[in-house]
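Two complexes are shown next, each including chain A; its partner changes from chain B in the first to chain C in the second.
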Partner chain A sequence: MTTLNASASPAARRTVRPIPQGRNRFERAMWLFMRFSGLALLFLALSHFGFQHIIVGTHRLTSEDTIVRWGLAGESITISQLFWRLYYGVMVLLAMLHGLNGLRQVAYDYLKNKTVYNAFMAAAAVLILAVTTMGVIALIVGVNASGATAAITR
Partner chain B sequence: MSALISTVRASLSYRGREGHWLWLLHRVSGLGVLLFLILHVAGMSSAFISIEIHDRLLEMYKTPLFSIGELALAFGLIFHAVNGTRIAILELKPELWQKQQLATRLAIIIVVLLAAPTIIIMALGSINAFFGPAAGH
Partner chain C sequence: MIKVHLKIKRFNPEKDKKPWWGEYDVEVEPTDRVLDAIHEVKWNIDGTLALRRSCAHGVCGSDAMRINGRNRLACHRLIRDEIQNGQITIEPLLGLRVIKDLIVDMEPFFAHYRSIMPYLVNDTDPGPRERLQSPEDRARFDDTTKCILCAACTTSCPSFWARGEYVGPAAIVQAHRFIFDSRDQGAAERLEVLGDSNGVWRCRTVFNCTEACPRGIEVTKAIGEVKQAIATGKVR
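Entry: the complex of A and B
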């Protein structure tokens, strides 16, 4: 009777492959991370999108805007540039990790072959972490306009 | 591969009403936003290497292919944000599951209310850039 009930419960039917016991602590942490990073990104990503993509608009975007917000490499930065660098730094880290974990959950559901899954996730993690590192370096260094004097006339 | 195909086919044919479609769209929009995010961060961070490369990549953002993709991004981002909020609230307060049908409808209404003006403003901006008096710059 109990086994019949257990197999008939919605939870048992929904879970195709139960999470391995050893990974429960990690999965719990990731579950929490997805909620908190999602809440932060709700404000960060939507405000960034609203400002840069809707109010400013991509068609009006030039590298001068990037210089205004990030500052030039080798020069001291203003308070507003520090704000933008921190804003983008927090956003890029949260968004990339949120995306990497989301991708892992989707890949876990569709790539049933363990070797294929591991290879795919290793490649995805390397790519995402490399791009994230590049973004963080750019935010620490600032815009490199050493080879172009025309762009810094203002 | 056949397992992948059968899983995708099953997720398309399973009829779990709106909730099922929201679940599927949450995954698709999440993957789409992630793809854009990788291209976007790689493109923007080129600024620390050389401003010439950065300028060239910004010009690439202003091409029709990117403009169309940006509209899809706007919808995907807004949908993922609103639906993610719905999921988080329902998981935080399980007693609200009695009203999950209402939550689903509410989420769809909020997505439409946010995405429609966004897409219209962005599409008009693109039309103006490609066909307007200042086009060709």
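Entry: the complex of A and C
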């Protein structure tokens, strides 16, 4: 009777020879970025929702809450204010880059002409990065006192 | 016997400027297969209807087509399961050039298949016996051995419809079958091909492929495992 005497190493312990890096490195990195940024955004967006609409409460939300949480531009800030600025700065940064890469995937599907694709992506990247930079700067710097006062007065 | 109204998308590039719908009424048993109804048209109503089929028993995979908007094997689906208000709509697979009626040009599909080296790669001497493998190691890639290369998965994939350069689910399934085979040594080369921008990264996890597979292969899961192997450099 023939018995199976497998001496081959189990697949569970196999390590592939290093995959030659090069053209695939970017796509691999982007794939990982989409997974991790998606997970982070899920946490950030849900915690933002929970804080704003459950802990503070939808009907009690005012501009003053925001000012207290962010602190005023040009003034020294507390640890708590620093936390909230970074929290929303990271959320904006991840959301915009996540969206930009999603747009790249869609553009790759529909824009078959390489020149058109490159031009579209260059324009999209410049626009999105510019908006992201403005957003992150606004969040990190803090609330503009005169603007906030005007908003509350209105 | 029941009466079935078949609506079949017809196209003969030598005669037609664009595809048109051929409509046929046939009488079949509810337990007959969709392929039997198409045969009824081909053999008794309009002999010019062109289709591929070979074994007619869900093994060869040559009669994959769109039945009521879903990729299916015509020999695999029964009339009673597909009939909707007395009608069944049949079209050729999407994403591949139509040669005539229900026959599509499978060459791009097979070119992707060949690109992932669908054969055992191992230059070491196996000795006087065959290469042995434990039942556990064999079980690791059992699901993907079931593929019959019918192209139902690849031609149900929106990424493939958009870009024919995408290697497609079927080629990835075939690569999975060898990458996770403990006797094979060509995983690095295959993962390099699949790590290309038109490789596994084009998969958006839509699950159309899993839904379309007539063999019940968990195609999206297999693609996920290949992505993971490329991301980690490890075949688990």
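Here is the rule we use: the second predicted complex is superposed on the first by the 107 of 154 C-alpha atoms of A that agree within 3 Å, B and C clash if a C-alpha of one lies under 4 Å from a C-alpha of the other, contacts with A are read in each partner's own complex, and residues count from 1 in each chain.
In the analysis below, a residue touches a chain if its C-beta (ideal position, glycine included) is under 8 Å from a C-beta of that chain, and two chains touch if they have at least 3 such contacts.
Because the structure is a prediction, the values reported are computed rather than measured.
Measured by the number of chain A residues touched, the leading partner among chain B and chain C is B. In the superposition on chain A, A:Gln52 contacts neither chain B nor chain C.
Of the two partner chains placed around the shared chain by superposition, chain C is the only one that A:Met30 touches, whereas chain B remains out of contact. Of the two partner chains, chain B is the only one that A:Gly38 touches; chain C does not reach it.
Contacts of A:Tyr108 after superposition: chain C is touched, whereas chain B is not reached.
Once both structures are placed on chain A, chain A residues 109-110, 112 are touched by chain B and, in the other complex, by chain C. Those residues of chain B that touch chain A in the complex are listed here as 3-4, 7-8, 27, 30-31, 33-34, 37-38, 41-42, 44-52, 54-55, 58, 61-62, 66-67, 70, 74, 77-78, 81, 84-85, 88, 91, 118, 121-122, 125-126, 128-129. Chain A contributes residues 4-12, 14-20, 23-24, 26-28, 30-32, 105, 108-110, 112 to its touches with chain C in the complex.
If you check the complex, the residues on chain A that touch chain B are 35, 38-39, 41-42, 45-46, 49, 53-54, 57-59, 61-63, 66-67, 70, 73, 92, 95-96, 99, 102-103, 106, 109-113, 127-128, 131-132, 134-135, 137-139, 141-145, 147-148, 151. The touching residues of chain C, when paired with chain A in their complex, are 131-137, 140-141, 158-159, 162-163, 180-183, 187-188, 191-192, 195-197, 199, 201, 204, 227, 229-231, 233-236.
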